[in-house]
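Both complexes shown next keep chain A, but they swap its partner, so chain B is in the first and chain C is in the second.
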Partner chain A sequence: MPKIEPRRGKIVIHLLGRKYEWTVEPRYWRNPMIGLALWLTLPLLIYATATSVFHYHPIALLSTLIFANLLIMMAVPFNLQVIGTGRLSFGPHFFLAVGGYTAALLSRDYGVSPLLTLPAAFFMGAIIALAISPITIISRGVYYVLITMLLPFILGEITYWRSDIFGAETGIPNVELLFHTTGNVTLDVLIFVYVSLAIALVFLFFVDRTLRSRYGLMMGVINEDEDVALSYGINVRWIKIVTFTLTSGAMAISGWFLAHYQGSFSGPVWLMPSFLIMVLLTATLAGKGAIYGVVVSAYIVATLREITRVSLGEFSVVVLFLILLTLLYFLREGFWGLYRKRRYREYEPSIRVRRKT
Partner chain B sequence: MIEMLKVSNLTKRFGGIIAVNDVSFEIKKGEIVGLIGPNGAGKTTLVNLISGFYSPDRGKIEFNGKNITKMRMDERAKLGIARTFQNPRVIPNMTAHMNVLYAILGSEHGKELTMTEAGAEAIYYLDLFGLLKKRDVLAGDLAIYELRLLELARALALRPKLLLVDEAMAGLNPAEAEAVSKLINRIRNEFDLTIMWIEHVLKVIMRSAERVLVMHYGRLIADGKPEEVVKKPEVIEAYIGEEEV
Partner chain C sequence: MKMGKMMIGLGLILAVVLLGCTETPKPAPTPVPTPIPTTPVEKTPVITTPVQTTPIPTTPVEKTPGVVTTPPRLTGEIKVCALYDTRIPAFKANVEALKLAIEEINAQGGIMGKKLELIHQDTQRKVDIAITAYRSAVIEKGCKVVFVEGVSEEVMALLEEGAKIYHSNPHIMISSQAGMESTLKVIEDYEKYKFFFRSLPSDPEMNYKVTKVFFDIAKDVIGAKKVALLLEDAAWTKCAREGCTYNTKFGTVGSKAMKDWVKEEYGLEVVYISNLAVGEKNFLPILETAAARGAEFIFVLSSWYTDTTTLTKQWASSSARNIPIAFFGGTAQWMTAWNLTGGASLGTIVMTYDYEAIPLANPNTAGVIKKLHERGISLDTSTHYAYSELMRVKEAMERAGNPEDIDAVIKAMEELEFKNHTIHRAEYMFFGYKNPNFHSYTGGPTMIAQFQCNGKPVYIVPSDVLAKGGYVEESQKVQPDAYKSPAELRKICK
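Moving on, here comes the complex of A and B:
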């Protein structure tokens, strides 16, 4: 029996009388370029080797990558939202659906091109978020959870009630695809992988810049203690409203992508709690307020989902959640926490000051 | 001298309790005013009203001639009103340095500073309060004495005009209390501050404050020089049953 000992920064595995140490915090990871290169070549690698090495249909593997990137597209703005509003929303998938419907309806009914449905989806998400943003100021704790949980529920009901517009479970068909298909389905999916990866990268970039900016620091204080933030003279309301609005708009872009990737959009599929839970788990597994951890956790969540789906069928959801809960138990602070714990100061803006004596 | 803070007929109720009851007083620029009173007298509530944490049910607060009664807390902070919290509210999982740095960066004057400048300034305030050695310690790991100093350093880092200190001495031993008391006097002089200093016990504030306000059951029962105030029958009465005055 292997004995696995998770330690700070490394995992020690005892197996067959031998000891293996696996450093989870390798120094070479610190160069983001290596991670980025790995991330960028992974789809190509899978495209090339899926059939020969994995004996698996490449499309299934590539779709898993797309799902992982979709989780990143949701969890990265979500984490920023949690920091900037100091509240945990249970309705991120609502904004995905808003973006999806906006893009699908504009495309099917008015023939608007994907390039224009993109800003439309963003603005629709942002405007709805702005309209309900006072909840980030008024409500706290369970009330906030309840209100944000009701949003996707209500939208789900509406899609059935006005199935003439939203098409209920069938959704909205005949949505223009993002690009002209190449004729090779696998290649098309590969291109979609890269599109989703590009969006995920853009989100990471923006969120990273925001967190490093002065506003990011202010958000950090709001996240820790709103009253303290106010006592510093930080306009907490304004930051919360702007954060909620913009991050919700960003989440709507995930819906836009889905609509133009699948050629249709069906809200109820995404408004289901199981998708919400995967987004929440991705965000949580990444570690509190961590955005690079999201990349790792999204790929793990998506891979586990695919494995359990194939091997266990309908039972998969239960097993998947059990696996993820176990992971959460061992990684209380998420993947990034492993790294942060030892070197928390590196992730604070670092300042070297020499004192004149 | 002009008055910096003017409070008129301030009243705040919590359900049946009148925590602050028709309180009026003025504080002049450059003064150190002590505010004392037994437990539950309404001292913290008064700080919360002045800093904008609560809005009053009645009354008016003016700061440098400007009516700030309806202003939000962050707007008042921008005008130059800073406070400390009775139960230190530092950010526990940030280092002492970060706590001060974030205060500077969040504050109005911090907008013009680069990260490095703000970092250096934070070091300066930590040094002033003798916390330089603890700069990289997580605030959650600091002792109560250091937490009180950090609260002060952080409030001072906002470069306030009026500093409201809510019990800087509670939980400190006499030597520590003495040190804090000296520091508060020193910063008043060096930073051209006006300070309203709340303390539960009169003794510690006697040496430092030029003027003392006494609250009891939400009312202001005395206002004057420390040595005169302690002789007042109302004040003695208020403190009967308390162990030390």
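Moving on, here comes the complex of A and C:
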């Protein structure tokens, strides 16, 4: 039987010999809850406002939200990977493609349902990541960047070389959709928004719990200085390999989602550096290691991209990147830095000394 | 948190305002009852061409009775959406061609009185954006005709979207130069994908019937005996690289690898084959090897993925410079290739439809080329396809009697013997053949020219090849005897 023990500002739950804590002090959970509620209701709000007030189906805007959620699905595990390995990877989209191809091939060639292609995509991404994970130990700096950068290029070339399997730029068609259509396209898209949002939310939850755990602390030490981490007795190699493997598997789930969302999967599209840039910008603009900042960052990046696209024509890409560059320059701590600046007590204790006058 | 909330709120407001207000809001579309699915064979009894095992072009059937000769005058407008990344010159040309076609149609009173309106949406050549733009085009903007850029990965994804959207928002989607897999979907599941038309022949025909003319030139005009093949390493060239067979319910279509049929049918020895990696910039080793192997003719099977401008420049400075080189696609199709290469394209052999004095029988062709040149546009084949396909849509809508009845328009598109294509004869772009070219073009001879002094193209297709392909009038205007070797041209064009 679980034993519940109220303590000051928190509840401690003893279950099966383990101890779990739940902070009940409102200042620690009120704002995240408000943010979560806002995030969850945003698609519905857009849908309801557009249909009832403006009398049009906001399908372009909902599609943009899906892209924003995709960016979150990539950037959140990417952030954890960077923290846990102490390395900046330039190949997160490689794992997206691995997951996408796994799901698409299993679905088209063997009729495997999306429910089963999900773990398959995760494990394929994780297994490949495990196989190449020694790079997180033996290489660093520009070597690590180059290795991770080359992986997507190699996969891209393989898709052309073995076009009989991967379909080159045409990709793999006839992939089963995640769910049968409701008959209302806008509603279908709205469901996809919530599916992608749910995946992003699950990623956020796991990464949040990890960063708050003692493993998160060890990852932070590794990120700061590996020698110090070793001197503390932290098993640096083990943590790096596990982090790299699991976060890569998570990124592969993004590919799974794309394959079953679009009904086809074409790797060369996602292996382009342009998509990598969007993921890196999302992660960087979020703020260093700020996983909640990723949500804000992804939604702003995706919305800006759509706004510039529909309003600026051929200049849209230039203007978009100029805006994002400006944000990078002025928001030194990313979007999350804006929040933290005003809520400093939530992330670090401080002492105010009143001077005698 | 205030700032965070403010940012989200601002983003939402901006998005709703800017996206929602880019057009006058329209009421939600009313779902149209879906007709009971029937197979295309049952729906179009007028097509008498039997199922074929090899896709031989067949003569289009005569028009069915009941054609509307004096269509009733309607009001309102028909929206035509163009989903193109206009940063790509070829796609910009497609949009301009559509604008020109719409101007001309509207000047003639529109389609049964309905004016056409063009809405351009930028895809940035990205699949996710193309999907967003497509959904917006059909559902939010109400486009009845959607032209999409010939990027296979986009078209494959859009087909799935279109299948979901079609029954609530009927429309036609036309793509030039997408992969053949898109057409196979129409053949295999007609009711689901019937809204899609592709202005390009099937891959086996593209890699065989359309390219054959280059080897007619190599053998009969140039007198070459040894050839080198440079084949772009992309999905659409699989038939040329490896050979291919496609089994469809309308028959089987296939072709041998190019190296095999070039030898068997033309008796030409293939001394060198090289695959061109997409994005390749260094062609010198390939050209040097072709020269070292004694090639007397170099054929480059490429699309826009291959930088033919760089390839041409490197050819002109390599030891292969005296070997005649022929280009299938890319910027080499443009008249401006001459300027782009600084005159290095002298002597190159190209498939070009960008010359105002092109010897084509269609009286409209020169006018279209001239008008687009005046707008600063160079034309490749897809530019002509965009213009011509909208003209075909006009005829099909008039034939259907109601531009809003898209099912009837699709049927009319399948039955229509469209004679006003700016570069192809009617039998090569008939959409209704019950063979693997269903809803796409049929392969045949094309107009091949050599860039001679000052970049003037001289059409050197053998007359008998054109005549056999049905281009009787054109066959009298080409000048295969005017071919000159690159070395000779360099001497006389100083």
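Here is the rule we go by: the second predicted complex is superposed on the first by the 299 of 357 C-alpha atoms of A that agree within 3 Å, B and C clash if a C-alpha of one lies under 4 Å from a C-alpha of the other, contacts with A are read in each partner's own complex, and residues count from 1 in each chain.
Everything below uses one rule, namely that a residue touches a chain if its C-beta (ideal position, glycine included) is under 8 Å from a C-beta of that chain, and two chains touch if they have at least 3 such contacts.
This structure is a prediction, so every number in the text was calculated from the model and none was measured.
**Student:** Identify the partner contact of A:His14: answer first if only chain B is touched, second if only chain C is, both if each is, neither if none is.
**Tutor:** neither
**Student:** May I ask you to decide whether A:Ala229 touches chain B, chain C, both, or neither, giving the answer as first, second, both or neither?
**Tutor:** A:Ala229 contacts chain B only, not chain C.
**Student:** Name the contact category of A:Gly220: first (chain B only), second (chain C only), both, or neither.
**Tutor:** A:Gly220 sits against chain B, while chain C stays out of touch.
**Student:** If you tally the residues of chain A touched by each partner, is the higher count for chain B or for chain C?
**Tutor:** After superposing on chain A, more of chain A is contacted by C.
**Student:** Scan A:Glu306 for contacts with chain B and chain C and give back first, second, both or neither.
**Tutor:** A:Glu306 sits against chain C, while chain B stays out of touch.
**Student:** Go through the superposed model and pick first if A:Arg162 touches only chain B, second if only chain C, both, or neither.
**Tutor:** neither
**Student:** Contacts for A:Thr181 in the overlay, against chain B (first) and chain C (second): which applies, first, second, both or neither?
**Tutor:** A:Thr181 contacts chain C only, not chain B.
**Student:** Give me the intersection of chain A's contacts with chain B and its contacts with chain C, in residue numbers.
**Tutor:** Correct list for chain A: none, the interfaces share no residue.
**Student:** Taking the touch rule as given, give the residues of chain C at its contact with chain A in the complex, in rising order.
**Tutor:** Listed in rising order, the residues of chain C that touch chain A are 1-5, 7-8, 11-12, 14-16, 18-20, 22, 25-29, 31, 86-87, 121-122, 124, 126-129, 131-133, 135-136, 139-140, 151-153, 156-157, 159-160, 164-165, 167-169, 179, 181, 185, 233-235, 238, 277-278.
**Student:** Given the complex with chain C, which residues does chain A contribute to the contact?
**Tutor:** Against chain C, chain A makes touches at 31, 34-35, 38-39, 42, 45-46, 49-51, 54-61, 63-64, 66-67, 70, 157, 160-161, 163-164, 167-171, 173, 177, 181, 183-186, 188-189, 262-264, 266, 268-269, 274, 296, 299-300, 303, 306-307, 309-311, 313-314, 316-317, 335, 338-339, 342-343.
**Student:** Show me the residue ranges of chain B that touch chain A in the complex, using the header's touch definition.
**Tutor:** Chain B reaches chain A through residues 51-53, 72-75, 77-78, 82-83, 89-91, 93-95, 97-98, 101-103, 105-108, 111, 115-116, 119-120, 123, 127, 132, 136, 155, 158.
**Student:** Which bits of chain A are touching chain B when the two form their complex?
**Tutor:** Residue positions touching the partner: 214, 217-218, 220-221, 224-225, 227-237, 344-345, 348-349, 351, 353, 355.
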